[in-house]
Amino acid sequence: MAVKHNNGIILTTVEEVLSWGRRNSLWPASVGLACCAIEMMHTAASRFDTDRLGIIFRGSPRQSDVLIVAGTVVNKVAPMLKLIYDQMPDPKWVIAMGGCSSAGGPFPTYATLQGVDRIIPVDVYVPGCPPTPQALLWGILELQKKIKAKKEGKVWEEIPVREVPTASQPIPIKEKSPLGF
Amino acid sequence: MVKIKYVERPELTNRERIFFVDFIKGMRVTFRNLLRKTVTTAFPFEKLTPPKRFRGTHAHRVKNGKEPPSFKVIEKFMDIDTGESRCVACYMCMQACPVPFLFNIEAVQLPDGRKKVVRFDMNLLNCMYCGLCTEACPVDCLIMTDIYETASYHRASCVLHIDDMAKRGIDFDRRRYDEPDRIWIDDDQRSKLWGQIKWS
Amino acid sequence: MHLWADLEELKLLEGKFSDIQIEKTENFTSITVKKEDLLNALGFLKEDLGYKMFIDLTAVDYYPQEPRFLCVYILFSPDKKKRIAVKCWAENDSVPSVISLWKGAKWAEREVYDLFGIKFEGHNNLVRMFLWEGYKYHPLRKDFPKEGIQEVYLPSLNLRPEEIPAHNYSPYHTYVPTMEELEKTQKSRMEKRSQIVLNWGPLHPGTHGTIWFLFDMEGETIKNCEIILGQLHRGIEKLAEDLTYTQIIPYTDRMDYISALCSQVAYVNTVEKLLGVEPPEKAKWIRTMMCELQRINSHLLWLGTYALDLGALTIFLYAFREREKIMDIIEGIAGIRLNSTYIRIGGLSKDLPEGALDVIKHFLQDFPEKLDEYETILTKNRIWLRRNLNIGIVNKEQVYQYGLTGVVARSAGVPYDIRMLQPTDAYDKVDFDIPLGRVGDCYDRYLIRMEEMRQSLRIIEQCVEKIEKLKDDKHISTENPYVLPTLDEVFNSIESMVKDFNLRIYGEQAPEGEIYMSGENPRGELGFYIVSKGDGKPYRIKIRSGAFYNLQIFPELIKGRTVADAVALLGSLDPVVGETDR
Amino acid sequence: MELLGTVIGVTVKSLIFIIVMFLAAAYLTLLERKFAGHVQQRPGPLHVGPHGFLQPIADALKVLTKEDLVPDSVDKVLFYMASLLAFVPAIMILAVVPFGEPFTIFGLEIKPYVTDLNIAILLALAFGSLSIYGVIFAGWASNSKYPMIGGLRKAAVLIGYEVALGFAMVGPIMQAGSFSLREIVEAQSGMWFIIPNILAFVVIIFAILAETGRTPFDVQEAEAELVGGYVTEYTGMKFGLFPLAEWYIATFVLSAIAVILFFGGWQPLPLMGWLPIPDIIWFFIKVFLLFMFFLWVHWTLPRYRVDQITELAWKVMLPLALANILVVALWIIFIG
């Protein structure tokens, strides 16, 4: 990037390094609410081992960076979810896993919160009921892209609307950078 | 025939207790697993191909000459060119759906009396992927593809529109239309977990 | 077959109580008593006729008729293996409480009070079950809208002003409680007597979802315990009143999301009985097979989380490794890993794909050795024994008092298994054992679940043999007027297309009447009480959740024990919040 | 002049020790994650750097640059002090652990240990028991229920096992007739002390597991019961110090001491003396094997209840340790 002063360049490189560290050790707070929590566990289990990407689940929100809202959030639990989000230290991100947490899903009822993004800002929406572990992993990769692009603020202008994906092909190993994502 | 039996509770003998036999046995099991091969599929570098029946993101089959007879019946009332979505705006998917308001279908009457579908939106964030809509579609138009990588930064980009769905339908049929109805196809990936299955 | 009490013993009641009506249909048998006779009648049924097991209590709202609420009690007699339903009109919206007869009625009455607003005279602590204190409405009343009342402006935070992300997006929302209201709820549930009140949950790694425990603790010993439910109350029963019988099937998955197929089968069997539909032979066998696969799946999840709670982290991942295989099977057959909407009224949505039976056979071969691995690590491990032995002992009396079902009941030595009492599908044609415990502690429940997995394997083997014989049968009996035609029929014949349209639009026009039937879920008896008024949608569906009643005994068992025991006990009761809260 | 030389030497050496220990601890986390992964048939960290080799760096970067969030309700002074109190004693034990014989390069003699006290073991025990304060402070200062319970539990466990640990160390000391770890090692040139001290060895294994809070004794942060135990309220590096100190450094140091006491320190394995391996390497091989053994136990066994742990400590481990003293005494009298 066109930075004139040397220190500017140094700064940017430092930022690069920090963002590399952050996106390669995302520790989610294990907030399992409903069906999606099972698939979240499966994502962490042996078949689709999130630990490969440096993602380990922490019990306490104080030590976690990303909040994966897995399952239906009902009105009654919403304030507590907000509390958990507030307890997390910055920088923090939120993944709304599944339709319920993204937009109320198939429960347009008196008791259900129609989308967790009404109480806390959401970075990535993962549709599915529940999303398969691969879908959730894809969502996490999307979040890593976002962190890489320094789209940390919830500024909507910066966020492009992704075009519709069609066939999904594996990323060949050679395209992978030696430093991870 | 159903029988009733009582479970017997094993006892830990003193010999086992003193020589830690229980611990040693357990640790032998973990050690054996340590030597086994890993079962992990390194997403995104390796991917499990969903089975053909997988109920992923929705798509529209297009008019491509493979339509069922029922479509031929209704076709004459519709204005559909080859390569366009087969949807005949019968609203059956909407009727079958437990969450009907996730659909937003509009059709207009053309001057020559035929109907044309101008809008077919689905809000996937309200979808249960239960597949009732696809079973209700009388012209084999609405299908569910094997596409699951739909995570996005925006609520708006989780809403499907008719042209994307047609695009997906073409793509899906190109890849998997002629595939046999088998439980799964990527044996090499699955064999990591399953080992060698002998197929009949 | 049905388990309803026969008339002659009901005749005994007629003499005792003034104007009681006995109605016996093929699907349901009930006696309607007056409000003032209710307690005596129930007491007579419990003490003298031996209907001592409390199954369920629910209410139906016949708005605008007056009195509008009808309370329905369902009892079971373990000796005669018979069920009986007792109805009572709630004049001026109140009925006497029956917690003096059955402790298990405590939560059920609170639930009815919460959702209908019926007062129960004599209930010691009649507070809301699912919703919070200060919630203004009673949602299951017929004059309350399904969507609730959207009174607050609560837009999504990720949208630019005036952006409409989807056609069905509305910035207005139902009322979301504040933290203060929740604290008020907590205060109203339990007051502090000992040193500290520990909030265990609702968003806590150990509470299997979102159950909210309040422990009043003296040091680490729990002097008093209270459970707050409703952190996953999504209003499925309310939704179901607005859907056709077929459309409810996907929601039954999402109740007990760990054993989706079992819930589907239990529900679909009830509806088929109501409609008088008979599924083809092959469908029955496949249903049984899938149910047992799902049972193994569910027990494996239980094993994993249970071991994780007790500190054996590796077992968790071994159990999930095997779960992945079953998930693969279900995904290949039904299309979705977890909430597979596979069963349909009158059969199955799809036939088995090719290769399915090979995979299942392969699974049958290599699963037993994995089971042995788990057992070698755990069963005789001294730590495991010390954490499980004599913890949370359940006795027969409590089983009847609380209406405990499933593994919890069987651990106390009560042979209560719906697969044996009321065999549906192919359960009367396969042979398997029902393991029972003698002591009733966590260790018994552990052993029983391990044994049940082995028995499920036996059942699956027999099913696989049978299904191979029935290869070319139909998987759904579409000739029946109530059964949706398959896609090929719709494509090729105009009649079935019309039938399809009618069924989709108007729903299955079930005959007027009621039915209560249940299936044996991994978590206990999952019952469906359906009231049909003859139109395409059920007038009322009550879901009798096993986990709800099993969880109810937790506070009594945990008194005087430590938090560590609470983890073990909760794990061995194995509730699923989606089912307890519906 | 002489004094200045020693001061500089000691400072340099201790600096080297601390830095190396930090790096080692960071990579021990990777080792544990890899090991756990393969036990569970998954690869563990894989994509961050070749075979996840940069994972600890990424974690460190992230943890260090996390917002350092201190809840308002906590007792600030104790809150900060606790993390140091947990960390410093663990690393200070290193001062007395000898890694090998003194050797000379370019004519100057290098002692592979900071200092060789004649009461080294007592010092190690003292520092070990200091770390209890860190735990209790953390639990108290957080001013929240879960950390409180976690801290109390951990304190109960530590107190119980410190005693057993101390008595278990008596046997080797009696045989060597010295408190100095170096002399203990040299006393084992004939035969390792594991032979008469087998009971003490069992006790020490349990004690180390308990001291370092590994399963079956990880009651202090039993996730299902107390979310994170006494570290629940900690963020960033203040949190990072706790697991580093107790799971990695303490485990490493204590295994080192166990090796010195029972497995002849840096002396080669039996029948392998002819191998051209320097004694420091021998020492680290033994320590590494013991460390892996602890990991292996950690990832296999379930967890005791806290009252059962203390019961075990007082009713089983302490008597065993005392019995061991008797056995060794008899051994010394009769066999010599």
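A, B, C and D are the chain letters, set down in written order, and residue numbers restart from 1 in every chain.
Everything that follows uses one rule, which is that contacts are C-beta pairs under 8 Å (C-beta built on N, C-alpha and C of every residue); 3 or more make two chains touch, one makes a residue touch a chain.
Each chain and its UniProt protein: A = NADH-quinone oxidoreductase subunit B; B = NADH-quinone oxidoreductase subunit I; C = NADH-quinone oxidoreductase subunit C/D; D = NADH-quinone oxidoreductase subunit H.
Only a predicted model underlies this, so the values are computations on that prediction, with no experimental measurement involved.
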item: Pair with more cross-chain C-beta pairs in contact, given B-C and B-D; value: B-C
item: Whole-Å separation of chain centres (CA-atom averages), chain B against chain C; value: 27
item: Whole-Å gap separating chain B and chain D, where each centre is the average of the chain's CA atoms; value: 51
item: Centre-to-centre distance between chain D and chain A (centres being mean Cα positions), rounded to whole Å; value: 36
item: Distance from the mean Cα position of chain C to that of chain A, given in whole angstrom; value: 33
item: Contacts with 2+ other chains: residues of chain B; value: 23, 26, 29-30, 33, 38-40, 42, 50, 98, 101, 123, 125-126, 128-129, 154-156, 158, 193
item: Shared interface positions of chain D, touching two or more other chains; value: 37, 39-43, 46-47, 223, 227, 299-301
item: Chain A, residues touching no fewer than two other chains; value: 45-47, 49, 52, 59, 103, 106, 108, 115, 117, 129, 132, 156, 176
item: Topology of the chain contact graph, where touching chains are joined (line, ring, star, complete, other); value: complete
item: Chain B contact footprint on chain C (complex, rising order); value: 156, 158-159, 163, 165-169, 239, 243, 246-251, 254, 314, 318, 321, 324-325, 328-329, 331-336, 339, 341, 349-350, 353-359, 362, 366, 373, 376-382, 385, 413, 415, 417, 419-420, 423, 427, 431-439, 443-444, 447-448, 451, 484, 487, 490-492, 494, 497, 500-501, 504-505
item: Residues of chain D that touch chain A when the two form their complex; value: 33, 37, 40-50, 52, 54-55, 57-63, 65-69, 223, 227-228, 231-236, 239
item: Residues on chain A engaged by chain D in the complex (per definition of touch); value: 17-18, 20-22, 24-25, 45-46, 49, 51-54, 56, 58-60, 62-63, 65, 89-91, 176, 178-181
item: Complex contacts: residues of chain C adjacent to chain D; value: 196, 198-199, 204-206, 220, 307-314, 317-318, 321, 377-378, 381, 383-384, 386-387, 562-567
item: Footprint of chain D on chain B - complex, ascending; value: 23, 26-27, 29-31, 33-34, 36-40, 42
